[in-house]
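Dropping a structure here in structure tokens format, bear with me for questions.
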């Protein structure tokens, strides 16, 4: 209920932030993931580095061939952005289905990525949309593809001295579309994902030429289901082709049982939602 | 006395102006000078011997005023309980722990952050013992939870044997014989009625102060039963009742979870006295989950026998009810509330047995409905299964077996009589309101399209308005807390010299709008505007006698008492008015804020003049004592028996098992209504909690006794987005148990809902051959049932 | 550490531990006890306040995060004895029972209507999804928000729907 003691700094530049970061420190943007864990005393860093006062991180920008989402862009802003909706619908929908209004007003898209919760929504959208995570530290900048970013439950590829300063999303071209769908803990699309999937597809001359499908909620981490994409590419995207491709949704996934589903059920849901997301993505083109 | 003259207006609530401006006072809002804060060190394991407990390091932490363990409070004895079957809870763990979350040490510090820090610094070592969690395993007595008890089955309630004094007949042979009939259809299901966490949104909170000069306690607590708490404190500390003042200010929901006297309340008082400073404890949500009472927690097999054309021949239930590790307040008596409505609204012999089983889990006690939702769930689910079995419409089956209007009062096999009812008319009104026939057509059409749409129906009768004084003989009283041994109602009505009215009642509302409802009762009775009536409650100093608010009892018992007190005041006022008007008291009528002789509006005398006269000897009649007040006790001859019927429309996603609740329609009957707006609100909330049990909520312990659902992250409650608007209507069948003809409505919605939802989902899955799905109907479970049905 | 912010239009500052939650700062330092605490995981919404015009959960925010912010609590809504239309709606449509979730529910509803004063029932229900009420089943809360929306649009609110009975 009440966090343990910690030190707090709110640097006014990235350089100051890098200097503050150490072995037992934690970066905080909105705090919607971090503060509940600290209140429950499940996680107690010695130092919280609040990046909310660093200028320039709060914008969502059109950079020509891609979009950047700054570290301080809230879920609500990602969800409301026409730019994101028209170029990365899967991420837009995932942001709109994250938490509730108040959570979306404080929590950040980059924050949910860095937190790497296995049941979060937006990581699936980022995976499907081919996002690149921009990690900065005193020693420079790393560009980490989303597919390499989610390492394990609550573990990302970020080093302790790095800050996820932005996410880069490629802009959508002709014949491309994406979608996210999920089953939530209270049923429907509410709350954390019991299972969710995001799909991005490119269709040209009636056949699917590129695809990325990601699943979340069912295992140790949000995962790119490469087998699904592989099976989908080259097909006409017919219902049967999608159904067959979705059968491979579990490849590379370690399914975990929880209060909301057995392994068998979650495995089944991964396929159902992979199928639904692909069909919605195709329908959106 | 007339039974239909009461109020009936949807008056806006008097409680609301403060609450909507954030100016209501809840216990945690109190912050007296020098207040200390409490944190408990609680057991992280379900069952263990405590091999060492060292608070020395923690005592050195910043801000710590004291840390108490069992030795410090052993002299106060275990926590008092009203029904003393089973093991009583030690105030702090006595060398062993028996459920996760059991309080081991109490830290008192300058603020809550420091208290928590110190609680964390207490060194404790355990010798962990394998806990007994599973109900069936516990009931087998293969290993015992408490060595000193003879059995893990603390008590067994049977339909005929629960109260020897009644000399009831055992109907089991009748039910068994019916099963042997050639034309008998026997349907049986084993079903769970899962354990729930009440989750009042206001966490429990207590703030105790002790003044050694006066030798008095003042204890603010978020409780439904301030007088019981006052009694418990005075008994525990050996004080006279008048030296303990308990105040329940605004109470942020209770639902039964605040109807216990808790160890933390006694301990806060102890620490306040010991330290000479105010001491406050406010539970965290995790503590609320692990250490405030749970509800339900039954597993049982229901069996119904009937003919092929829908006539019930008998009903049988054998269930195990989880009591948790320690008995508090009513724990073991809760199933008894279900026993009294075991036969529902139907005429048939009943054989009903519930074993009360101790386990290494948190205590169970009254949670909204308390025994009644469980009893009705088993009955109404098995009736639904039987209707499917014989291929008859579930409402038709029910109507065929209802008690008929001319059979009331209807004496049931449990020895109680249903007071009044017209069950078939209630169902007819519901079927019309919901367009039942249209719903079934829609369902059938959806089925033809391959969709899984279900229409669920359910009825209920409940028992409330506790209560009859005779029930004190089987524990329904506050005798163990030193209060008079019955749940009679009381009400004090005083017309003040300025012609305003003060009403003092012994209820303990937590959102039910008593300040409004009672103002209507009294204002209407005296012909004084509601806004001149002030209702006081929740303070043991203001009212000598109070039972509290639970079991949908307040209006039917304390309301009735207040109504009678109002009539007495009116009678006296009539004498004074007659004196002033030089008329006969029997000719006086009250209206529009004054009195006049019936049939002649002038001359009249205003309440201001009557009130003034009442307090001045020279203006009041010689044979009338000064003052204008009455304090009445009301002893009902029977409980009250509200009823109703509900319909749910659901659609199931066959690929995911997701259940969508599309419509919910209810026609309830709580007798006369004082404020229909408030009645509607009570039913809404009750339905939502019924939906919560049916679809979302589940308190889960793993086999090691870890509570897996200790926060709202893992104990999902229904939100606005999960529920439809409810469609309600009523039938009105007054009771003659009390002079207002009111029955009570606090729990009805909950008692009527869970089975209705499950019946709807089973209806949706009928084409697949699914017979039952246990609650909560989370998608995983519905999907699993679909898989199993499909083989 | 020192923290300064504007609360209900008034500049305030205090020396707090970094771990002090905004809700405790409001309740205990400023004695603004209308903002409540109902859980610890950011689920119940009883602690909802507005920070820089947005509804947020003050139990999931450190006081130091609100440095320089404009914070509004339930106590700021009524002015000169006039209730905010949402407060009026909750009163007129019995949108509360125990009242504990009410301040947070009202603040969430105000934020919702500030963005869209003519929401559909579905938009209302999703707009207050982050606020738990255990008493009302939400039915009358939705009616209360509808009432307030109508008032804010200058329209006559729909009539109450509780006339049951015979």
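Order of writing sets the chain letters: A, B and C. Residues in each chain are counted from 1.
Here, contacts are C-beta pairs under 8 Å (C-beta built on N, C-alpha and C of every residue); 3 or more make two chains touch, one makes a residue touch a chain.
All of these numbers come straight from a predicted model, not from anything done at the bench.
Peer 1: When you draw the chains as points and link the ones that touch, which shape shows up: line, ring, star, complete, or other?
Peer 2: Topology of touching chains reads as complete, every chain touching all others.
Peer 1: Out of B-C and A-B, which chain pair has the most contact pairs?
Peer 2: B-C
Peer 1: Averaging over Cα atoms per chain, report the distance between chain B and chain C in Å.
Peer 2: One centre to the other, that is 28 Å.
Peer 1: Mind checking the centre-to-centre distance between chain A and chain B? Centres are C-alpha means, answer in whole Å.
Peer 2: That gives a centre separation of 44 Å.
Peer 1: Two-or-more-chain contact residues of chain B, please, as numbers and ranges.
Peer 2: Touching at least two other chains: 113, 284-286, 711, 718-719, 721.
Peer 1: Check each residue of chain A and list the ones that touch at least two other chains.
Peer 2: In chain A, 1-5, 40, 190 touch at least two other chains.
Peer 1: Mark out which residues of chain C touch at least two other chains, giving numbers and ranges.
Peer 2: 17, 19, 40-41, 126, 128-131
Peer 1: What does chain C use to touch chain B in their complex?
Peer 2: Residues 17, 19-20, 27-28, 31-41, 43-44, 46, 73-75, 77-78, 83, 87, 90-92, 94, 96-103, 106, 121, 124-126, 128-142, 160, 162-166 of chain C touch chain B in their complex.
Peer 1: Could you list, by residue number, the parts of chain A that touch chain B in their complex?
Peer 2: Residues in contact with chain B: 1-5, 40-41, 183, 185-188, 190-191, 194, 259-262, 265, 268-269, 272.
Peer 1: If you look only at chain B, which of its residues touch chain A in the complex?
Peer 2: Listed in rising order, the residues are 112-113, 116-117, 120, 284-286, 655-660, 695-696, 698, 700, 708-709, 711, 714, 716, 718-719, 721-722, 778-780, 783-784.
Peer 1: Under the definition above, what is the set of chain B residues touching chain C in their complex?
Peer 2: 8, 10, 12-13, 15-26, 28-29, 31, 113, 199-203, 250-255, 282, 284-286, 510-513, 673, 676-681, 684-689, 711-713, 717-721, 723, 725-726, 728-732, 749
Peer 1: Chain A touches which residues of chain C in the complex?
Peer 2: My answer: residues 1, 17-19, 21, 40-42, 45, 48, 54-57, 59-62, 64-65, 67, 108, 111-112, 126-131.
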